[in-house]
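Letters A, B and C name the chains as they come in the text, with residue numbers starting at 1 for each one.
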Amino acid sequence: MEEELITKVMHEVMKRVGNGNGATAVAQVEEVKTASPLSNIPAELVQLTEFVGAGMGDTQGIVIANLDPMIHKLIGFDPKFRSIGVIGGRTGAGPHLMAADEAIKATNTEIIMVEMPRDTKGGAGHGNLIVFGAEDVSDARRAVEVTLETLPKYFGDLYANYQDYTENQYTARASKVLKYALGAPEGRAFGLILGAPAVIGMLMIDTAVKAADVEVLGFASPKKGTSLTNEVFIWVTGDSGAVRQAVIAGREVGNKLLGAWGQVPKSATGNPYI
Amino acid sequence: MEEELITKVMHEVMKRVGNGNGATAVAQVEEVKTASPLSNIPAELVQLTEFVGAGMGDTQGIVIANLDPMIHKLIGFDPKFRSIGVIGGRTGAGPHLMAADEAIKATNTEIIMVEMPRDTKGGAGHGNLIVFGAEDVSDARRAVEVTLETLPKYFGDLYANYQDYTENQYTARASKVLKYALGAPEGRAFGLILGAPAVIGMLMIDTAVKAADVEVLGFASPKKGTSLTNEVFIWVTGDSGAVRQAVIAGREVGNKLLGAWGQVPKSATGNPYI
Amino acid sequence: MEEELITKVMHEVMKRVGNGNGATAVAQVEEVKTASPLSNIPAELVQLTEFVGAGMGDTQGIVIANLDPMIHKLIGFDPKFRSIGVIGGRTGAGPHLMAADEAIKATNTEIIMVEMPRDTKGGAGHGNLIVFGAEDVSDARRAVEVTLETLPKYFGDLYANYQDYTENQYTARASKVLKYALGAPEGRAFGLILGAPAVIGMLMIDTAVKAADVEVLGFASPKKGTSLTNEVFIWVTGDSGAVRQAVIAGREVGNKLLGAWGQVPKSATGNPYI
């Protein structure tokens, strides 16, 4: 009974305190299973018209119908984007990019800002801030909604244990967000192979390029291309089958290294999509 | 009774482990109410003459009477500042700047170093390191004391829940610290409107500039003007009433967004000053 | 009995959640005492030939026998290093540098990459990624093994409490890793004097240079020479007795300031070596 109590407290603690992508993501598994990303909104918030919803990754989505021209100027946004949709979370930069990429396909918006803070709540990686520009507020709102709805899919291939994570992403057709943020060619396959801490990423990227004939678009490490995160990753393009194969090969060795800390890493949602 | 036990353990855990400005600040509320920032010093420490005191924000203040000339040269301090006072904490960069600004008004010191690490103990923001230069050690000591004593006031408008925070600062007359660190015009009103994660800051700054006729002095985001924090903020000047109004308007929407995570954000001290 | 239960849960929580170098290091004390750094490997991992072992500092060591030429090109490694050994952890950058420096003395390898992310699991400092290049895989593996075996020694002079840490390192003869990463002169004495948060480092470095006639090789602070960590440190050379004396003097005042938070800081292993 004492054991049971300890387990109960531990669960509650890990949920609240988090420990980077890992613990947070794992804690969110249950929430995702029992609640849509748009639920859980206190009644008083209904009166804040800018609030669209909360989502996985300690994320909120908002919309601003008529952005003040002073803010346009301050950040350098094109004045034609009267409305903006904003997504921002503390964890899960990769899933956010992927979900926003889906949203841009599905809506009449443009991507006008992508910034990745060093965050993940004490974890090894990035938080995120993504802004869609639109001429019409309903378009901006729709982009935010699609992103929030799509986030759980892309958290599916984030594997974590209490210590660290591997992040694996794949799409057959990259769109404007992946082009804007990572220089991915539009309409072609895209894959992300990422491990944290960085040592895990080193084996993942080597394994990935050996596994399939892919073209490496970029490389990032703690001092190069990241916000000083403890990650190593590459992103690749090429034949869609090859890209998928490279991602899967990287994921496999990465998760084995993660497991060396004595806990089998789990998909953040229980539903990997790759 | 089991529930009670869990609550007790949770409280202890959150206090010790912290989770960014939020949990830490909330945990500190009680301490501030029951103890002055200068108490809690173990007896053995009385013998370390450099130690001045501990304060809110996981902060210590020290004084060095005769700084070694090698250190002056290494950091680039003017040799005329024989003594230095140093304040440094892991959380609450804004309150520290504001409190140091009060200290510089009240003492015969100059501000010679302000650096903001990426910290907050796993939270979304900055820690801090602030150095006062003085020709006389008693002046340096006094600056540190005033800063420590004044800190709780400026934590009063830091609102946090387990997830994130808004930080709101206001003074009718900025002094040399705010000028040094943020380019604020001396003697004029100053306001800071800040939200974390960055998405919350986006709505706060737009709301603030719409609410009152203020002049924006600067803008910061994860990749611009911060140490890669998950924050968006502006700092403003103008008519003191307008500045105050802008800060209050930003605070209001920011705290509503914070509340969307299901927990009403609280002032870190229970005594907001704006 | 309730007290006992709380203590038990707290211990478990601190171990899992960590709180930067501090809590993590303290939690590891017991592990180090009861298990070699190479134990604790789940059976399934035996099949991953690249895995060498896990070590203090949330660290893993791996070896890649035939690094893909595409990766050589991507990172800029000399193609003659067919094999690489990689060490990477989330905490304890200093101990890793020191242990890798021992490994380079003992093996036929070269140091080809040292990167320090902003990490320590919510703590104030750096994680690490260190790569050895070798023409023969057995040399690369040996370098990783020596690093892992040597790590606990250098964690011995990392003192931490729940809040922060001081890090003190000393060697009579620096080798190629310290030269590569910090410009230390090979074959001469080397000392590191470091405190976190930065305010503690300020007193440590002043005390250290006053205590002995040493030559300061470098200075680092949140905005200069660190990855935005909340640390201040110097590294020094000179007569080996003087270097040791400077490190010890810095350590002494640093640990007194740490203790001002009401908890005596402890060596991460219980076995300081300086």
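Here is the rule we use: a residue touches a chain if its C-beta (ideal position, glycine included) is under 8 Å from a C-beta of that chain, and two chains touch if they have at least 3 such contacts.
Everything numeric here is computed off the predicted structure, so don't read it as measured data.
With angles rounded to a multiple of 5, the C-alpha fit of chain B against chain C returns 120 degrees of rotation. Annotation: the chain A:chain C pair of sequence copies touches via predominantly different residues, less than half of the used numbers being shared.
In terms of their C-alpha centroids, the spacing between chain A and chain C amounts to 30 Å.
For chain A, residues that reach two or more other chains under the stated contact definition are 5, 9, 13, 17, 118, 121-122, 228. Chain contact summary for the complex, chain C toward chain B: residues 2, 5-6, 9-10, 13-14, 17, 19-20, 23, 118, 121-124, 162-164, 197-200, 202-203, 205-206, 209-210, 216, 219, 221-224, 226, 228-232, 234, 253, 256-257, 259-262.
Taken together, the chain A residues at the contact with chain B in this complex read 5, 8-9, 12-13, 16-18, 40-42, 44-45, 48, 50-51, 54, 58-62, 64, 67-68, 70-71, 74-75, 84, 86-90, 115-119, 121-122, 127, 129, 131, 227-228.
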